[in-house]
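Heads up, the thing below is written out as structure tokens.
Going in written order, the chains are labelled A, B and C, and every chain counts its residues from 1.
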Amino acid sequence: MAKTNPGRFFEDYRLGEVIAHAVPRTVSGGERALYHALYPSRFALASSDEFARASGLPAAPMDDLITFHTVFGKTVPDISLNAVANLGYAEGYFRKPVYPGDTLRSESEVIGLKQNSNGKSGVVYVRTTGRNQRDEVVMEYVRWVMVRKGDLDAPAPETVLPDLAKAVDPADLIIPEGLDFSNYDFTLAGEPHRWGDYEIGEQIDHVDGVTIEEAEHMMATRLWQNTAKVHFDATFRPDGQRLIYGGHVISMARALSFNGLANAQMIVGLNGGAHANPCFSGDTVKAWSEVLDKAETSAPGVGAVRLRLVATKGGDPFRLKGQDGKYLPEVLLDLDFWALMPL
Amino acid sequence: MAKTNPGRFFEDYRLGEVIAHAVPRTVSGGERALYHALYPSRFALASSDEFARASGLPAAPMDDLITFHTVFGKTVPDISLNAVANLGYAEGYFRKPVYPGDTLRSESEVIGLKQNSNGKSGVVYVRTTGRNQRDEVVMEYVRWVMVRKGDLDAPAPETVLPDLAKAVDPADLIIPEGLDFSNYDFTLAGEPHRWGDYEIGEQIDHVDGVTIEEAEHMMATRLWQNTAKVHFDATFRPDGQRLIYGGHVISMARALSFNGLANAQMIVGLNGGAHANPCFSGDTVKAWSEVLDKAETSAPGVGAVRLRLVATKGGDPFRLKGQDGKYLPEVLLDLDFWALMPL
Amino acid sequence: MAKTNPGRFFEDYRLGEVIAHAVPRTVSGGERALYHALYPSRFALASSDEFARASGLPAAPMDDLITFHTVFGKTVPDISLNAVANLGYAEGYFRKPVYPGDTLRSESEVIGLKQNSNGKSGVVYVRTTGRNQRDEVVMEYVRWVMVRKGDLDAPAPETVLPDLAKAVDPADLIIPEGLDFSNYDFTLAGEPHRWGDYEIGEQIDHVDGVTIEEAEHMMATRLWQNTAKVHFDATFRPDGQRLIYGGHVISMARALSFNGLANAQMIVGLNGGAHANPCFSGDTVKAWSEVLDKAETSAPGVGAVRLRLVATKGGDPFRLKGQDGKYLPEVLLDLDFWALMPL
């Protein structure tokens, strides 16, 4: 047992520590094809080299969430192998598009620690940074997880809570170099709705549903080299079901949101997110969105929309929380992000 | 709801109208690998760059049905989202091989309309054209579907039925530029049977069977960006099964036909096809073929065979229709196409 | 039926005969992505072009078992379509790494024959060689299978048993040209344990488990163009389950062994292997290893370890055989190979 990775426990984290995560990965058209087989993703920019070139990019970038999942997956053995819960995200920036041939790696800095009052676990805050082969940051985000203590007698660390922004300031969003939606082809993109057509407060039911299979979520989760046992080993639960990686629900909801938000081409900021309830195979995932904010950008023809994307496993759309302020049982995901759209 | 695509209803189509379909797509070795993982496809020309070069092509083309599914998938949101049934195919031409790196898009012209006598639906005939990034037509075909009316009071259009060929004239088949089977390696291809060894009327039982899983057909259907809800959402049916995209059965049967038709390397013409009965997960698909016709071509060493390819979910081979002239319940597909073979 | 492949029977093999197997195959980043989606493979050398370049290779090679499965798959129609059992492996050498873009083909020489005393079957020994598009041998191995006789009256051949090495001599291992682990980055590779940290006799429980799904093993097996019917056709067994290709278990166990053997980067020799019991969907595969031997190599910073890799479907680790000398019922695989590790 001495040579295998037991994962870290709460007392193993030190404030300011930087953890370099293992197993860099080169992505190719293979990862993209699999992503499009696992999710009904149809955003034209990540689907077509020609559409991307007409938008000022050198080729179709990988879907932004491929970047997120790849960077995230590398953190699992060091951050969340003994996690009780994935509590939240904040201050996420997509800084550089990723293209086939790029090689990604991740590192995380511990930016906050707080032992729980029961003394059995604590919350770890990390800022994770993903880099490509040129050492350019492709994305970064803050995540906090509840982690079990391995040694209950280990002393509690000084509580440090990071000061996290409620949302990414749109002035700080990074627009990919060269991006230009001045000559955007709405017909090829699939919908006529432009930035000006969306109003703050507007809600969109994305209508379509996808029923989840064990083989699919396991393939997705392995593709990101995410090693958390609960996603793969049926013996953990009496019903033989595996807990589905929250990122699978994120990608499924994002892909479903094409129907009504086909022009929300790129995710550039991640403001927050909650995995409200667990998802299992057999669940039929649907999604709805709400426009939370809008902003202009410096790039030609490009606007930004802040979206709440909610994934559910049934029930009517546009319902989120009960009178007790808690997420309704059918809500799987409540995600808050900035996306780029043609003006 | 206003921003999502409700699909078109019968009264929304106009004769002569040309519909440009959304979401161009760049294909890569990823799509090919997935195709070969989803279907037991082994045709040497689409499997090996070296075999393709020895046959006069610059590299291994994508399996012809990848082209068909990709071009077809783009039409679904505009043509068949509210379709009751996919009724037939005709006049299909594969005009240019597709290679990794090519970007495909589709458009359809409405070439026929006929309201049904019940006034609740009608038949729409479209000629769909797929093009690559150089605006070259890679394939075209006629398809007709029965579509519901959204407004039962909408007036019936003038009935126009296109004059469709019973089969593609072999003189009109397009042979890929440079194709040359003069030095064809039958050992590497997997079978010794050449064009001259097949007789009109000959029937071949392809023997092998594949049992279908939900995860597989959904991955395939998403890969072609086909958005029809019935393929993905288990809540449509009380048994939780999803109706399998007819193209999944086409590709499965074509791949199974390798055993006995390993040298039918390229599909170049689509004469017709019927999805005789629905397919569901758990069905074990088998296939048999009948040689309907043969023709010579202008390319060195290359002949053409017209094949009926039948997919079944049980029962004895070579049975197609009952005494009532209707397809037997175990018949899934009756496809009629021209393929190229070494002389 | 005359045109389909009935497979060979025991009496169809002749000592010294060389069988060229069909359907060469070009591999790409697509095959690699699928491999990483089907198995939790994380070995850094096959995951990252940058890590591979830092190790003296031109790019990330395909996982070694992709080579093995591809070469093996081609032999199935000629060697094991009528096999009763896959009995063993020996003298396996991985001679050249395979890279995206390479095209592989296989041939097998019959090196041994022995009819069983019941007269109904016999054992066929073949030495299979896989080559790339430059005719370079990428791997070779000996395999022996029990094959049914088609004609029970066919005379028994002279019994010839090949003289097979118990294990590959480490002096004969081929180190990929240029491989250099002098500047190996243990952090990026995922574990700090180097060649010197492993002791002969040491056992490692790889801890993690993966529950197998039908869709996954069928996709894997098709990807290698392995056509054995029992893996795909649910009608062969009353429970509708499909017998899982033994190679699926090999790759799953190898991937699981990352946890404790992350630095066993490349498989270079295959000493032996037994598929101890069949695997079916729903089984949860775990793995453990034992260090059988160690050897130095001529390459800078590179050592070799001989490993026994055991896959199980339950039970405690480190248990292999019962008092009767037979494999315990939970043991799926007992594999013996040489791998390269940083000193």
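In this section, a contact is a pair of C-beta atoms (placed from the backbone, for glycine too) under 8 Å apart; a residue touches a chain by one contact, two chains touch by 3 or more.
For reference, the UniProt names are A, B, C = L-erythro-3-methylmalyl-CoA dehydratase.
Nothing here was measured: the structure is a model prediction, and the numbers come from that model.
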Magnitude of the superposing rotation for subunit A and subunit C (Cα, nearest 5°): 120
Copies subunit B and subunit A - interface residue numbers shared by over half, same or different: different
Centre-of-Cα separation between subunit B and subunit A, whole angstrom: 36
Subunit B: positions in contact with at least two other chains: 28-31, 33-34, 100, 213-216
Residue ranges of subunit B touching subunit A (in the complex, touch as defined): 1, 3-5, 20, 22-31, 33-34, 77, 100-101, 103, 105, 133, 213-216, 218-220, 222-223, 225, 227, 229, 232-235, 240, 242
Residue ranges of subunit B touching subunit C (in the complex, touch as defined): 28-34, 36-40, 42, 44, 47-51, 60, 100, 187-191, 193, 197, 204-211, 213-216, 259-262, 282, 284
